[in-house]
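Presented sequentially are two complexes of subunit A, the first with subunit B as partner and the second with subunit C.
Right after this comes the complex of A and B.
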């Protein structure tokens, strides 16, 4: 990184700052970001009593679990609490300051944080590099350096930790449900994408460990978060949405180490010229050459996905079948279906995605023959026919899970056929619990199926609406 | 088609049949299939009083709107109605017979239909070519020829006509909701796929005209349905799921004619070797070489989609913007978003799908500047920022719809941001009603957004959960 200095100040002042400032590259120890994620005493600079203001939403989210000191020089009381004029007025030690004031005021309040010896600041405010405001950006950077402050942001959504119960996200819990505790952590340069994924996870009953939206990455960047999560015992799967990798060499180095232990799933924004240009005005990032990025991700051993849906689905597969994944050797899929056309679509997608249709052992075929109409074809796809019952599904599932020729079962369940009912959920759930092989379900998502799907998801099943999305995710999962 | 004869009969009998039989190729006049879709007097052969049996479900669905004569020699009464021993006992004229008996019995009851001068039979029963039962298949074929009977099926789900209120589908209305009247018709070789699409259409408030699941296509085939729907004033958009095209030359000829008038959207099952093999045991189809099929579809001017989701989404776009489509000249998309990351993802997908990001006129940019934060970048994607209000969305939408440089608006609405609310639905709906340009919406589909999405769909909006699915569908739509 090239060292830049604040050009608005006279030379002597600049010089002093440079001497005082620590090296720009932030060093992260194992506990390096615990100061953010495990913070208990917080200052919220820009706390507001006006409903829907960022400083109000944050305040409400934070006070549920943490000790929060609201800072706002223009008011005296916020929700019955004393409002401080500045952090310097607060007597207690502050683990992290969260800043949500106008961009122009940010360097000044960071200066105060520095004086108060606050070492971790989360800056929500936007209007810096992404808005072409380089001058302000430099001023903030210098200020952070001067006091050796670690900073998440600016121009971000905030952070979340399901284990320490820290909710420093400026979206209301009413509009954006938070996921429960789980093993996926998510590093997102974009707040909106992060928010969307959080909401989808909550909705689909997928747990989270930590979430960080880091925006412009003025000092801490994706490498720091990756390193921290790599060492985090509460994280097993790491999802990343990134527009720009700031330090390719360090990312490669850390990424390689982390990917050996934990799957890293990456969606890179700005892979095209137009997307790249858009990234520039979003987080001030130069998104760079797509091939170089793909190369880096491949070298690391990260799983690169092409779209938002896959980022979510692949993470979900790793979440549910994390232990099982280590045991899977091949990529032989068995399709079980009660609709022939779905079997064909699945087979097409499996071949297209360079996966294999497994060949059932003769024992499995013989076992199944007894329970199928005489003219039924017991193969792969295995069509259980329109007169399929819960019991026939159970037999098929058990047989395929026990068959050494199969690595994963793709289970199509069309609730249109009359002889299956809600009890099938329990059968699938039991098969899932046996954890012999991953089971991936394809099911329509219409009125009749909605509650069934929800129950399945509560029971830790992975459910897709369309076969093509399921197979694409399986391909990334088994790769 | 090669003429085949029933090899089980003595030569003389065979000869007589050949002389008696009409030419095998079924000729369809404009009203050719009205005998099926507009049938009022129906015989249901294999009607059943046992709940969940196909013959019972069909009976319940049909009697709501039609005159149905149940035929079942083993019982006297079905749901308080007299059950006939055979169609020959029925005195009334029968427009269509629906057959749901064991495969072995089918030729015999078709023979009886022939004697009763029934010209249209819909055979639900399976167990013919798809089960390797060639002998039975030939027998049925000969019988149909002998009496010059048009046949849909065998091995199919049935047919549906929202205009004549004919529900000859063997799935319960409870499990599979039927769509309302609309302009999309759907020809599906697979019953399960057809059923799934019907359910999704009903759920997403998309209307249907006619639906036919035609299974093995023993005499009527995809060409006949395509020709009929091409002439059908109640159909504007035709969706096709096909595994095998039986008569490529005729399909080409009819397809070319129809595609000039109406968009034909085709999903071809069995595009890969494995899928092809699966198709053989599904509907007895040899799915053939993928490139040849793609070539035929291209020559026709059909829109080939690669997956089930796109079949549905592209049809939905044509349904909603059918008239507008004729006026669109280019493929310049304007992205409006309240989440920067979503803008980048959209831009990436737009470039990947060879669409263009339009360049707003300077007038539009000037108009928008007044209502945006000073540092906001008014471009494409247009990021309305996290503090976006309903009003700012309205201004942006109106400006882009009036801008001659833009062909279609891709509108991302993330309800996480606090200052927009349900009233935005009305703003979008008004913009949609103006029908200046197609508006395609991307919105999360979580708890908070669910009812909003439903209201939008009731108001004829097209809503996607993920940007990549939206852009892929737009690409096929604007192609």
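Right after this comes the complex of A and C.
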């Protein structure tokens, strides 16, 4: 099915038009993987005009910000642009080729990339080692080696860079919102999982720097990404989802180096026997002994989390309190609550997670006695009582933030009590801005609180629905 | 630690031979191997001098689990000693045994230290509480070799049975000795890259000492 195009223009003229319209800015540094993440001139091999095909989604995402040369020998025109028969037809220098064709065709197009002197290829296509197709895998590997090509993938979702505006992910922007610019970068062996986290980050207004889904890791592997992000000035926090580490010894060496500079938060897939089996058919690699992985992650200084929720929330804590974290020495938490039961659950979780309930200084206690009801217990957890007002919250929060015996404040705000209202958001936000100590908020997620929570998150607050999730994340954050 | 099937071309050293190697750098229980001739002589003369209690073991590469096979016994008296010796002597041909091992009896927590070559990370070391706990709780913490002192501390922190290892009810086990041993074991592959597996099981830890009781070593040929 060919799309109708303006037939008055000869093909060559159209071709020239595209080339002339490309922006002048071509910034390719030799640094690490900038050849991928900072690529400006892209060839999309397997570009498609059929709506919702991978080659079509990628094309639409890419052309918004980049110069894209679509390659597809079966069609002449894609979205009013000339489609090239092969990369060899393109006259311009190509920084990165993105390949989304049938697996069997991949070695051949990589060969063409090699001849075109393209040094970076991102292979989306699947059907290699993960599908048991070792022969094809070998063929591709040899091809990459022959031309000394760096390769992300195959069998992956793509890459994203919020700073260079590179959107090489094959998910539509309508279905999956992209996060804004931020400090967190994410390395994911799994594409879907990476996509899910991107969506969550976008929803919760948490910024991203770079994202890479690397699939089978045929030549570039987790170590290369870790090293690159470790040196990347646009990245402060590194999240990793991995099923199997390809190069264990290098991972130890690079991991130790990077973890000294930046938090590395790791979710390891295939920790159980069944999960391990599933990993084999997912990205063609066995997941290995879970206990060895856990030990080694500790040894390099990475933070291992057990689930996606924690991966996201621990990253969020580091993102919001990155500078403060460097100053925190202890694990002393002050719980402030307006519900007794919540205070107790928080205290239980704090002990269970080997954190401490801090003890307020006598000066703070004396100060607080002046505004608290006489029967109130100014301890930890501190119960502000059912008749709590915005003002009482403000005074308590300020007092605890100024107390040197406390490292972090866990603030429970239950809108069930009638005397507090939306103005409390501004009070919390002011306290947060002072950046004296991290404040972690626990708040119900009912209809009434929804907009309040959203406003708080817009103001860079960290909000949890349940105390146990909050404390578990705090434990990983303060570890 | 689970022992994987080892290819026949590898060199496997058990108990007596493994301990001979470890004696060069580690504290190992004192032992003495009696061959058939010596055993018969003792049984005849009945005046062999030994400190009780003492552990008697049938020394053989053919027995994997000595306790289950009834090839280990702690004896407390001369009478028991001679009786066990006689009993084990009869069992020897069945196990193609090289003799009977007399071992110093040490009491304390049974610790297991395992080292193996992992396909991904190279040599890794693990330790935890041994005996029945290995099978039931699987409470072992691993790190890549070699480890630093702070790695040992964090490994100990990982263990659910940490308090038992440290010593309970007022006991204070020689944890520093254990630390030294685990760190030294983790350094063995540096000079012995052909080391495939090393299982120290058990090592006995108490308030006074930390001693290797049994071990198994596999070298790649």
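We take it that the second predicted complex is superposed on the first by the 449 of 479 C-alpha atoms of A that agree within 3 Å, B and C clash if a C-alpha of one lies under 4 Å from a C-alpha of the other, contacts with A are read in each partner's own complex, and residues count from 1 in each chain.
In this section, a contact is a pair of C-beta atoms (placed from the backbone, for glycine too) under 8 Å apart; a residue touches a chain by one contact, two chains touch by 3 or more.
Bear in mind that the values here come from a model prediction, so they are computed numbers and not experimental data.
K.L.:
Thinking of the overlay built on chain A, is A:292 touched by subunit B (first), by subunit C (second), by both, or by neither?
P.N.:
A:292 contacts subunit C only, not subunit B.
K.L.:
Have a look at where A:241 lands relative to subunit B and subunit C in the superposition and call it first, second, both or neither.
P.N.:
first
K.L.:
Going by the contact rule stated at the top, is it subunit B or subunit C that touches a larger number of residues on subunit A?
P.N.:
B
K.L.:
Applying the touch criterion given at the start, work out whether A:223 contacts subunit B, subunit C, both or neither, answering first, second, both or neither.
P.N.:
A:223 contacts neither subunit B nor subunit C.
K.L.:
Touching A:264, do we find subunit B (first), subunit C (second), both, or neither?
P.N.:
In the superposition, A:264 contacts neither subunit B nor subunit C.
K.L.:
Applying the document's definition of touch, where does A:406 land relative to subunit B and subunit C: first, second, both, or neither?
P.N.:
Neither: A:406 stays clear of subunit B and subunit C.
K.L.:
If you stack the two complexes on chain A, which partner ends up touching A:303: first (subunit B), second (subunit C), both, or neither?
P.N.:
neither
K.L.:
Tell me the contact category for A:190 with respect to subunit B and subunit C: first, second, both or neither.
P.N.:
In the superposed model, A:190 contacts subunit B only, not subunit C.
K.L.:
Contact residues on subunit C for subunit A in the complex?
P.N.:
118-122, 124, 126, 138, 140-144, 147, 151, 154-155, 158
K.L.:
In the complex formed with subunit A, which residues of subunit B make contact?
P.N.:
Touch residues, subunit B against subunit A: 52, 57, 126-127, 130-133, 171-172, 174-177, 188-196, 199-200, 202-203, 241, 243, 269-275, 277-279, 281-283, 287, 306-309, 337-345, 347-352, 357, 373, 375-377, 379, 381, 383, 385-386, 414-419, 444-448, 465-469.
K.L.:
If we count contacts the way the header does, which residues on subunit A are in touch with subunit C in the complex?
P.N.:
244-246, 248-249, 251-252, 288-289, 291-292, 294-296, 298-299
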